[in-house]
Amino acid sequence: MGNTFGHLFRITTFGESHGGGVGVIIDGCPPRVAISSDEIQAELDRRRPGQSKITTPRKESDRCQILSGVFQGKTLGTPIAILVQNKDTRPQDYSEMATTYRPSHADATYDAKYGFRNYQGGGRSSARETIGRVAAGAIAKKILHQAAGVEIIGYVKRIQDLEATVDVDTVTLAAVEGNIVRCPDLTAAERMIDRIEASRDQGDSIGGVVECVARQVPKGLGSPVFDKLEADLAKGVMSLPASKGVELGSGFAGTLLTGSQHNDEFYRDDQGEIRTRTNRSGGTQGGISNGETIVMRVAFKPTATIRREQRTVTSQGQETVLAARGRHDPCVLPRAVPMVEAMMALVLCDHLLRHHGQCHLLD
Amino acid sequence: MGNTFGHLFRITTFGESHGGGVGVIIDGCPPRVAISSDEIQAELDRRRPGQSKITTPRKESDRCQILSGVFQGKTLGTPIAILVQNKDTRPQDYSEMATTYRPSHADATYDAKYGFRNYQGGGRSSARETIGRVAAGAIAKKILHQAAGVEIIGYVKRIQDLEATVDVDTVTLAAVEGNIVRCPDLTAAERMIDRIEASRDQGDSIGGVVECVARQVPKGLGSPVFDKLEADLAKGVMSLPASKGVELGSGFAGTLLTGSQHNDEFYRDDQGEIRTRTNRSGGTQGGISNGETIVMRVAFKPTATIRREQRTVTSQGQETVLAARGRHDPCVLPRAVPMVEAMMALVLCDHLLRHHGQCHLLD
Amino acid sequence: MGNTFGHLFRITTFGESHGGGVGVIIDGCPPRVAISSDEIQAELDRRRPGQSKITTPRKESDRCQILSGVFQGKTLGTPIAILVQNKDTRPQDYSEMATTYRPSHADATYDAKYGFRNYQGGGRSSARETIGRVAAGAIAKKILHQAAGVEIIGYVKRIQDLEATVDVDTVTLAAVEGNIVRCPDLTAAERMIDRIEASRDQGDSIGGVVECVARQVPKGLGSPVFDKLEADLAKGVMSLPASKGVELGSGFAGTLLTGSQHNDEFYRDDQGEIRTRTNRSGGTQGGISNGETIVMRVAFKPTATIRREQRTVTSQGQETVLAARGRHDPCVLPRAVPMVEAMMALVLCDHLLRHHGQCHLLD
Amino acid sequence: MGNTFGHLFRITTFGESHGGGVGVIIDGCPPRVAISSDEIQAELDRRRPGQSKITTPRKESDRCQILSGVFQGKTLGTPIAILVQNKDTRPQDYSEMATTYRPSHADATYDAKYGFRNYQGGGRSSARETIGRVAAGAIAKKILHQAAGVEIIGYVKRIQDLEATVDVDTVTLAAVEGNIVRCPDLTAAERMIDRIEASRDQGDSIGGVVECVARQVPKGLGSPVFDKLEADLAKGVMSLPASKGVELGSGFAGTLLTGSQHNDEFYRDDQGEIRTRTNRSGGTQGGISNGETIVMRVAFKPTATIRREQRTVTSQGQETVLAARGRHDPCVLPRAVPMVEAMMALVLCDHLLRHHGQCHLLD
């Protein structure tokens, strides 16, 4: 338990950073959905290392292979297994990682929990695990778009204090992919890139905020009371590596307003649709989508792996000093964008199926 | 689906604000735990309406009744069913709520999802639903304390911009319960109370932040990768009414730091225990508790129900104006404190059982 | 865990035979289904004690109360909580049950598992627990009938060696309810009743087989590979008290045939529908309904409670002799019929919703 | 949903008979369990085709590969992914299977459910899917043995009317593996082998009963009320291909007895342990193991694939005649033995972890 996410559209991921590979099983996928490994690969390429000068220079092609569940280019309704083999297996020296706990990594807690861990490159706590999520997210996105025209777009909203200006209702994937930091505000993007490079040059790392929106989400998704849309979204992104916070709509800033300032008044639009004039709710009310754009922000801490020396202890409790060698991301944000999108897609797709099953049966 | 939370220690809540009652079934509770309805009632009294001048004056005694699962004062290991009957059933005029959508409430989304709703007092979306959570949380707290000495303490950290100074390692329940706003910083508490009263007098409402800590949490709780402790905590509190954001440890503020500033260095304490010097991680690393204090903050928006006039529409789409009559909370924060504590207790108790089952079987 | 059944249409039962009451929460019920407590009561009356001379003379009215989830006579889509209060609480002497293990009852195993038990009348292992199942089954039946015209009919097929002749395609509820043993073959029914009375008069008990059919089940229900329809049906009925075996279609007798004798050949009927000429498969192939009548048989052992003296031990391990006093069923079969029907209805309803959610989303 | 089994020790299988491969993810495995691919392979070799003259002559080596979750020969506590690649991919002519429904196979129901299927060799409904179960079962067996000394032994109890005499308390794995039909009664085994060969020579097939026992099972496993041990065992084996019935202990035959004949009287044995003199309950009472040998029997129908001509229809509804070409099992029983053992091991292991988590936490 713990490696499965979702109820009707349900994924289970597996794999350590070193070993046979990483991947995912998607259970409950509707049948007859056209899907190719190229479409999945396109999403994986957005998260893979080595894609630009501001990500880790580690070269991993991360080619995915669909093992089951797809036949003649279409889903069968049976479990879709996707595997990405681990390639980067040069006999690297992991002896230091075997005994020394990296600060703010999961080395010590895995040892505390399991009494044993794969110390090679982070093992299960490695961000390589998210490959399975992003692969599954590619399929979820396709179903959401096909069933309801849903668009999911994530982007870097802030790096440290450098905040972008983005219109949640018009931002495009093209604008996001237009630069290597994945920030659709070009002016901000340039400053962000400079900041990341400076941090890297100092052997340090930085964090920031990813914003992710979903447009054209049908009204009615979400299952009160525990599986509220915002609750499942929060769980999804707070299970990503390095995330420390999440907010929907007005979020923490909304706590500064009064009710009369914060409430979203209803009106009837030209098509006769009931809408809200503002969207401080962020697309959900009472845990259920209201048809407005879903807006979520996720805080990612600065990467824990840095070249600077840090004090730490060994697994035996001896004090020592550690400085990361090798290749790492100075900032996870650009690669986190497709991960956040994937989690939003997985949550929405699961709730789309659940809603259809419960509420549209007797239509 | 959607009304159940947890895996081994699992709760299912039921009930609308009007009707026979609200309650909870707790499945998977360890046997032979001493528990009385008085202990549960004590927690319910912390969340009930009418407890002070800054909560709604609605009088609801909310007496709980244990229907099953407890015998001779001890848990049986069988499902514990707890019922609180709905008492406040005077033939109030709900005709306006039947047709008019309250802004930033769940009236419209419930209609969109189910095509039908109980319009009396919020129905299932009423905060009365949390009675079941708080009752179950009382039992979870007891198990956590008995098994591991865990202490869970929540409090109001901020009302709008009025922020309290609280030491997460020493704050006591007595300090929290020492005033009606449940803020252990007395100076801040007084200003908060004034602010809430002023808001109420203006027919408006305000929001803020609840902070909740768990101390003496054993190392090793949490199940990567999706059921990380922070992910389940986030889901738990983001499923509470009116919550809009959650953060663990450094949270959103941590995104402003560099890795070298943010990382928690390890050391060995006097007892030979591996500890971290700082706690920006907030008590978890890689989804697993590290033995440090768990620190979580939850943003609650200003109460949606206000006396001021707001523009809205009817369920038929006709534009109209609405002003809440009757009794409501000008600020949910004081009553939200036991709810946040309950969700943290439920998550920790579930993971304590899961951890024991998976990792200590072969000890 | 352990007290919940189903995935999208999911029930959780609670309650011991003595204490506040027994009941059920139904989560995931489609909204806008007309349901009344009278309809539920009608099913409960088929399982209640004291209904005829061949059931226990214990008088329990077992009146059900809908606490939530239904408003103005229709389901809300929110959890439906149903409670039946325990009435029969005269200060009966249970001191013997507190210490002496009844043979082939669950007294000893509950003690072994939980280290503690409610010894009054069987506690959680009492057949009173099935009240919640039958209540939920009443709603499941209604949904199945409304959505697809499904008919579920159970009956006593065999008492010891007295076997009834029943046509699975034409048997009616009226024929079943036409006599107190619930066997639609009148000749067999009379002999069964005599046999049960004779057994009762000897202070003994007997068992038999309940057969249950579902007609007009849509093709396509069931989720390979673990949640095959036959697997979920088997789990459902093997979780009933006193059941010792289950078979679908040809069952154990089918193992005597050859493949050429056993296979169900396909043909096209007058309406152009693909059908099978025989139905040894019992309505499912590969775990999925094929549109033919589902035929299941469940073996129930003779009631464990008998007036005859039996050797046993106390909880302290002292050998002793026990003879049941008071009122008990000489044969559970007549009252087991609605329980088996309920489990079949719950499984089919759950799979109807799941199928609709996964496979009809993109229609 | 539907491809996952178990709660704390939870497996998810994937794969069609043709495509990239079949396999399993095991989630929740305790850490630090020594396991090698050779141990898993040994179990897979018991189920693979081509192992003897009475199984299909299809040659599939079915070599398993552990992709994750095991490091330096021990489990990590993270998901264990096991893959068996599909090798037998000669461009066989499946055009007939693409259009013609094989009687008593799942071709027609998969089409009815999903509107699409992989017609190559049975796709997901192929018994190749059980590779994942058997692989996971090998690990479950090891944990059960290590934690509690549990022994699980299955064998062929009956082929058609040829019934073996086996002592459930003393039968050994060596005796079972001593002949190709896996029947420890040598006299019966020889007759069974002759019968299977005769059936094969006639282009036909036959069925029978597998019996499986578990010895040294600790008292207290099983979670009333729905997850009773017998309920989960029934679900497990009724989800195997070709199974039509299951019974525990006295099963269907027990319905012929009276209560006084059937009840298992308690006594105290030499070690002071509370035992039952007889074991008609089959090792469980009230859904919980009582320490006696668990005895389960599973009915398997005659293999649906036969060389004899059968009438059937095409997917378009045209009547036609079909005779299987190629290689198939005349009797699935010998290869079903390790499958039944695996399901029993998976259920017991899951409940061992659950019991430890819930009931031993506060010890």
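First chain written, first letter: the chains are A, B, C and D, and each begins at residue 1.
Everything that follows uses one rule, which is that contacts are C-beta pairs under 8 Å (C-beta built on N, C-alpha and C of every residue); 3 or more make two chains touch, one makes a residue touch a chain.
Chain-to-protein mapping (UniProt): A, B, C, D = Chorismate synthase.
Quick caveat: nothing in here was measured; it's all calculated off a predicted structure.
Novice: Where does the A-D interface recur among C-D, B-C or A-C, taking recurrence as more than half of the contact pairs being identical by residue number?
Specialist: Equivalent contacts to A-D are found in B-C.
Novice: Between A-B and B-D, flag the pair that has more C-beta pairs in contact.
Specialist: Most contacts of the two pairs: A-B.
Novice: How many angstrom lie between the centres of chain A and chain B, each centre taken as the mean Cα position?
Specialist: 26
Novice: Mind checking the centre-to-centre distance between chain B and chain D? Centres are C-alpha means, answer in whole Å.
Specialist: Chain B and chain D have C-alpha centres separated by 45 Å.
Novice: Where does chain C touch two or more other chains at once, residue-wise?
Specialist: Touching at least two other chains: 1-4, 7-8, 13, 28, 31-32, 77-78, 113-115, 124, 224, 354-355, 358-359.
Novice: Mind listing the chain C positions that touch chain B in their complex?
Specialist: My answer: residues 1-4, 7-8, 10, 12-16, 19-23, 25, 27-28, 31-32, 65-69, 71, 74, 76-81, 83, 113-118, 123-124.
Novice: Touching residues of chain B toward chain A in the complex: what are they?
Specialist: It is residues 1-5, 7, 13, 101, 103-106, 108-110, 112-115, 124-125, 129, 158, 160-161, 199, 204-209, 219-228, 230-236, 238-239, 241, 243-252, 254-268, 272, 274, 276, 280-282, 284-291, 299-306, 308, 310-313, 317-319, 354-355, 358-359 of chain B that touch chain A.
Novice: Touching chain D in the complex: which residues of chain B?
Specialist: So the residues of chain B touching chain D come out as 7-8, 28-33, 77-78, 143, 146-147, 224, 352-362.
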